[in-house]
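Please find the structures below.
Shared between the two complexes below is subunit A, which pairs with subunit B and subunit C, respectively.
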Partner chain A sequence: MTKSTKTILWVFFLIVALVQLFPLIWLVDFSFLSSNEFYSSSVLKWPSDPQWQNYINAWVDGKFLRYFINSAFVTSVTILLTVILSLTLGYAFTRMQWKLRPVFFTIILLGIMIPIHATLLPNFAIFKALGLTNSYLGLILPYTAVSVPLGTFILTGFMRSIPKAMEESAVVDGANIYRIVFQIIAPLTAPALVTVIVTTFLNCWNEFIMASTFLSKDALKTLPFSVMNFAGQYSSDYGSQFAVMVLTSIPAIVIYAIFNEQITKGVTAGAVKG
Partner chain B sequence: MQKVFNNKMAIFLFVFPGILLFALTFLVPIVLSAYYSFRDTLSPGTPSAFIGFANYTELLFHDSRFWLALRNAVLLGLGFILIQHPIAIFFAIMLDRLGGKAEKWFRTIFFIPCVISVVVISKMWLSLLDPTFGAFNKMLDSLGLGFLKHAWLGDSSTALISMLFILIWAGFGWGLLFYYAGLKGIPDDMYEAASLDGASGFRLHWRITVPLLSPVITVQITLAMITALKQMETVFLTTNGGPGDSTQFLAVYLYNKAFSASQYGYANAISILFIIVCLLATYLSNKLTRSDATEF
Partner chain C sequence: MAMNSKSTRNILLVTALAAVSVLSACGGGNDKNNNAGSGTNGGTAGSADKEVTLRLFSNLPDRKSGQGLAEQMVIDNYIKANPNVKIDIETLAEEPFKNKLKAYMASNEALDVTMVHGGAELNTLVQAGYVKELNPAEYEGDTYKFLPGVYKSFTFNDKLYGLPRNSDYEVIYYNKKLFDDNGIKIPSTYAELLEAGKQFRAKGIEPMSMNGKDLWSFAAFFQDLVVRLTGDQNLMLDAVAKKKNFTGDENFTKAAELLAQARDTKLFQESFMTADYGASQNLFTQGRAAMWYMGSWEAGMATNDKLPEDFRNNVNVLKFPVVEGGKGKDTDLLAWNGGGYSLVSSSKHPEEAKKFFDYMMSADQWAKIVWDTGAAVPAQKYELSGKESELQKQLTEVLTGATSTAGSIALDSGTPKFKDDAQNAFGKFFAGGSTPQQLLADLQKAAETQ
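Now for the complex of A and B:
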């Protein structure tokens, strides 16, 4: 590629990136405005007097810290359970020899195709009867159940490409099956595991519909609720509403910035070649 | 080695927890849903009469909303396949050619909307497309296109297309990433051989890249249809199916039937049909696109 085509391409991408990020730029910009500035004719507006108060409202009335901790707890437990279950299931499906293997594999894969929304109504009834609504477990269980099928699928694809020689030499050295799975196979599947972790993180961290169906107790609510709660309370104060949206987005963006490289590597290794 | 792989205890410990969890949160609920779908229940747990297939006949033969929701899903899926995916492939190829640091940077930036919470995305676009202070109409004004100004999500003729636009914006990064990853799997010597044969530029990609990407493309098409069918949160939080059912989707419909209209039995019938439609769609698109495996 010549240097000039490269420059053209570069400029083109820059423009597209700006257009694509524009909604977020706008969101941040308007979160510093007072509500009466919203109706001016300009698309973006330099805040004449930045409204830091919007962010204070967002932090305090959005109950940001409480919800953030809830989200972090529910998401980490879900990720941990998903990784363990997908790893063991994946191993049992690719390496172990047992009769019902194809049946159970199909059942688990059904989970990728069945919409969670279709299980929402009966789960609500079941969870209510079991007293699981308004508990962390009421979110962790369905979140894990939703994440495991995809996790198992990604991991089985990846494990098939691992040569059996690794396990053979481990057996010779006297390792038992549990050591093989957790100390030899787990590190080898790391790129695929990252994909599983990241997709699970994004799905759970931002999940709203199950959370809003199963939770009504304020102390347990997750981060998306800070935006939802706010809309009613500050119905005409758009600046504060935008501030809470910005605050809610920051943790996911930070995590993404940190793991960005692994996400691409994971998708390349785990999902496409798998 | 055989002894290790035949370890019955290990198999049980590896499989049982996952299957149990899955059964409890997926299979048992579906059976329960089927049970409720044959009853005229108004809310879960209330006494109800067995009414046979009445909910289903009502849905299939007298409920135009059900069919409208299905039609919208098909239109949205086609929108993804015909608009989002070609753009994603084009950008993946261009990114791949750009190389260096810039490649990495732009790839990172394009994915950012994918990490934003659906609640934020919905509320943000609701504001962006707001007829009075929304940036979109202001932009049209400043471009001298003020006559196009519109209540984009509030008008039944533009609501579905606006929804498609929002969802493409939000999901573009994933599509791009998958095609990009697929591209990275194509060996360079394929291109070298083709350029020796005189192919270049657009022809090169049309003849080499697209066919070699076809396994990824077929999987992505299946995924696009499923994503369209399963659409819920963004719709629920922006238009809630309106105006006039123009953005109605099955998941939104069943949710509102159960929790707002107190027709729990009927909602469960929608659930069961919804599951059947999703399984059928996966089966059909796998069959039609003849994907070799159900690869992700």
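Now for the complex of A and C:
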């Protein structure tokens, strides 16, 4: 490759990166502005008088810390349940021979097509009867239910690419089924598992409609409520809302940055072999 | 190995069960406590000094400014006067609020007091029996001082189901300095308004800011035009109720044509269809648009020290101009009472809830506080405190000088589906450039299929 083509390529990638990062830069930039500066004609605006107050508002009035802990708890339990269920289901669908396997596999995959919000009101009625509204479980159960189908789909695709010989030798060495699934298969499917973890994380972390319907107690509310705390009937305190959004997106960015490579691997590996 | 796998399975099962029970205990436990607590309270609701927790559901999540702050101040006052009462406030912004209220209604949730939107939404709650009937006789007299006619969108089959909290009416806010500096006459007729629009546009100033993205302002603007043309506040409401037709009526045709003139002479700002409430307000408060078509609840603009001082000193109120040859006067006010509060039938502490409700609605609480803070214009008679801003005085004049009021905004007088369809019709009219006839046909269809 000549030097000039290399330069052009670099410039091109830089532009693409900038376009990708722009919303984030914009978000951070505007989180330092007061609400009145929001609708100026400039796209980015240097905060001559940075509004640190927005972050203080986000932390105090937005009750950031409490909501953050709730979100972190709900999301991590959901991820844990999703991973365990998807992994075991995936194994059952790819390796085990049983009578109704194709039927159940289709039923589980149909779950991908059901949007979580379509289940809102029926779930509310059922959960209320069961006393699950206003509890963490009221969020964890539906979140898990919608995450498992996709997780199973990704994992079955991935598992088909793993040679059976591995398990055969494990069986010869005396490993039981749990050992095979959790100690042999799980590490091998690590890239796909990471994909499942990240997609589940993103889905739960920002979910609001379900949370707003099921939760009334302030002590249980999750992060998206924090943004709500600055919404008036007609206009809102945009500066503080942006500060909340910056704080909310940090964990998502961190997770994506850490697992970036595995995600790409997991998605493509699952897709091609599926 | 068989033993081994069996024990592993047992361990896994036990762990899963334990996890589930721990989690449900987390949330469920609180519920049980609450129920137990309310049970004892319910039995002795009459006697004071018993701890009572009331549940209030409101659409004002921001508790630090505007109406949210006013609501919070009323609640704080009540708790101070009644230390045995705790008020558990749940707030969600407009759309999530409406969704959740429906869910609460469907499951008969034991709220005590809820915010309601008068008209179609309250009607749904009334039909489901979710809100309590009120006795209007109790709210007469000096404690409450409700203005005449404000119960209209809270009354169904001659029974009252809620009390309005604000008087909302549409006006045109204008920036006097922009008019003066450019030598443009402050319009008193619709033709002058369009003419002023052209002049501002020629000078590179946006004439009128509009929150086009929200769509409802167009419907209000249209209703204003209909009233100016006919002097009849009920015509458009009747058309929504299918007692009249939008199509084939010369008044509606004329109003739609006038609306098309506003669109075609570019009265509204550049790309007004993408401007939401905040964007349209900002354009006006930053002095980049000369006028803003909006409701009376923006009285606080004149005292909001976050806005430029130059703007605050120059913001004024204009009545919607008369239409040449129309039968309407500029004192026919497009006023309605949209938001309010209702008592919930399934309340566990009906007596305590009523006490709090009556306290909140008394003239020296909500009404006084929203007026003093400039958060809104109340639906009750209020005393001028002498500290009002010029803007507030002008708004008061508009309201007290009104010779007729609409009582309800046409968009909200039908079903939610009508509102949706009608808004889309206006969206199509302004963004897609359909003809006045098409607009009326779409509105007619919306009214018929609601």
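Keep in mind that, in the parts below, the second predicted complex is superposed on the first by the 251 of 274 C-alpha atoms of A that agree within 3 Å, B and C clash if a C-alpha of one lies under 4 Å from a C-alpha of the other, contacts with A are read in each partner's own complex, and residues count from 1 in each chain.
Convention: a contact is a pair of C-beta atoms (placed from the backbone, for glycine too) under 8 Å apart; a residue touches a chain by one contact, two chains touch by 3 or more.
Nothing here was measured: the structure is a model prediction, and the numbers come from that model.
Residue contacts after overlaying the shared chain place A:77 against subunit C, while subunit B stays out of touching range. Contacts of A:177 after superposition on the shared chain: both subunit B and subunit C are touched. In the superposed model, A:10 makes contact with subunit B only, not with subunit C. Of the two partner chains, both subunit B and subunit C are touched by A:228.
Shared-chain residue A:21: touches subunit B; no touch with subunit C. By the touch criterion stated above, A:249 is placed in contact with subunit B alone, subunit C being left untouched.
Contacts of A:109 after superposition on the shared chain: subunit B is touched, whereas subunit C is not. Set against each other, subunit B and subunit C differ in how many residues of subunit A they touch, and the higher count belongs to B. When both complexes are overlaid on chain A, the residue A:154 reaches subunit B alone and has no touch with subunit C. When the shared chain is aligned, subunit B comes close enough to touch A:91, but subunit C does not. Comparing which residues of subunit A touch subunit B with which touch subunit C, the overlap comprises 38-39, 120-121, 124-125, 128, 176-178, 208-209, 213, 228, 231, 238.
Those residues of subunit A whose C-beta lies close enough to touch subunit C in the complex are 34-36, 38-40, 61, 77, 120-121, 124-125, 128, 131-132, 134-138, 140, 174, 176-178, 208-209, 212-213, 216-217, 220, 228-238. Considering their complex, residues 1, 4-5, 8-9, 12, 20, 23-24, 26-28, 30-31, 55, 59-68, 90-94, 96, 99-100, 102-103, 106-107, 109, 277-279, 281-283, 285-286, 297-298, 306-307, 339 of subunit C touch subunit A.
Across the complex, subunit B is touched by residues 1, 6, 9-10, 12-13, 16-17, 20-24, 26-27, 30, 38-39, 41-44, 85-86, 88-89, 91-92, 95-98, 104, 107-111, 113-126, 128-129, 141-142, 144-146, 148-150, 152-154, 157, 164, 167-168, 171, 176-178, 180-181, 202, 205-206, 208-209, 213, 223-224, 227-228, 231, 238, 241-242, 245, 248-249, 252-253, 255-257, 260, 263-264, 267-268, 271-274 of subunit A. On the subunit B side of its complex with subunit A, the touching residues are 1-2, 4-8, 10-11, 13-15, 17-19, 21-22, 24-30, 32-33, 36, 44-45, 91, 94-95, 97-98, 102, 106-120, 123-125, 127-128, 132-133, 135, 138-139, 141-142, 169, 172, 177-178, 180-182, 184-185, 216, 226, 229-230, 232-233, 236-237, 250-251, 254-255, 258-259, 264, 267-268, 271-272, 274-275, 278-279, 282, 294-296.
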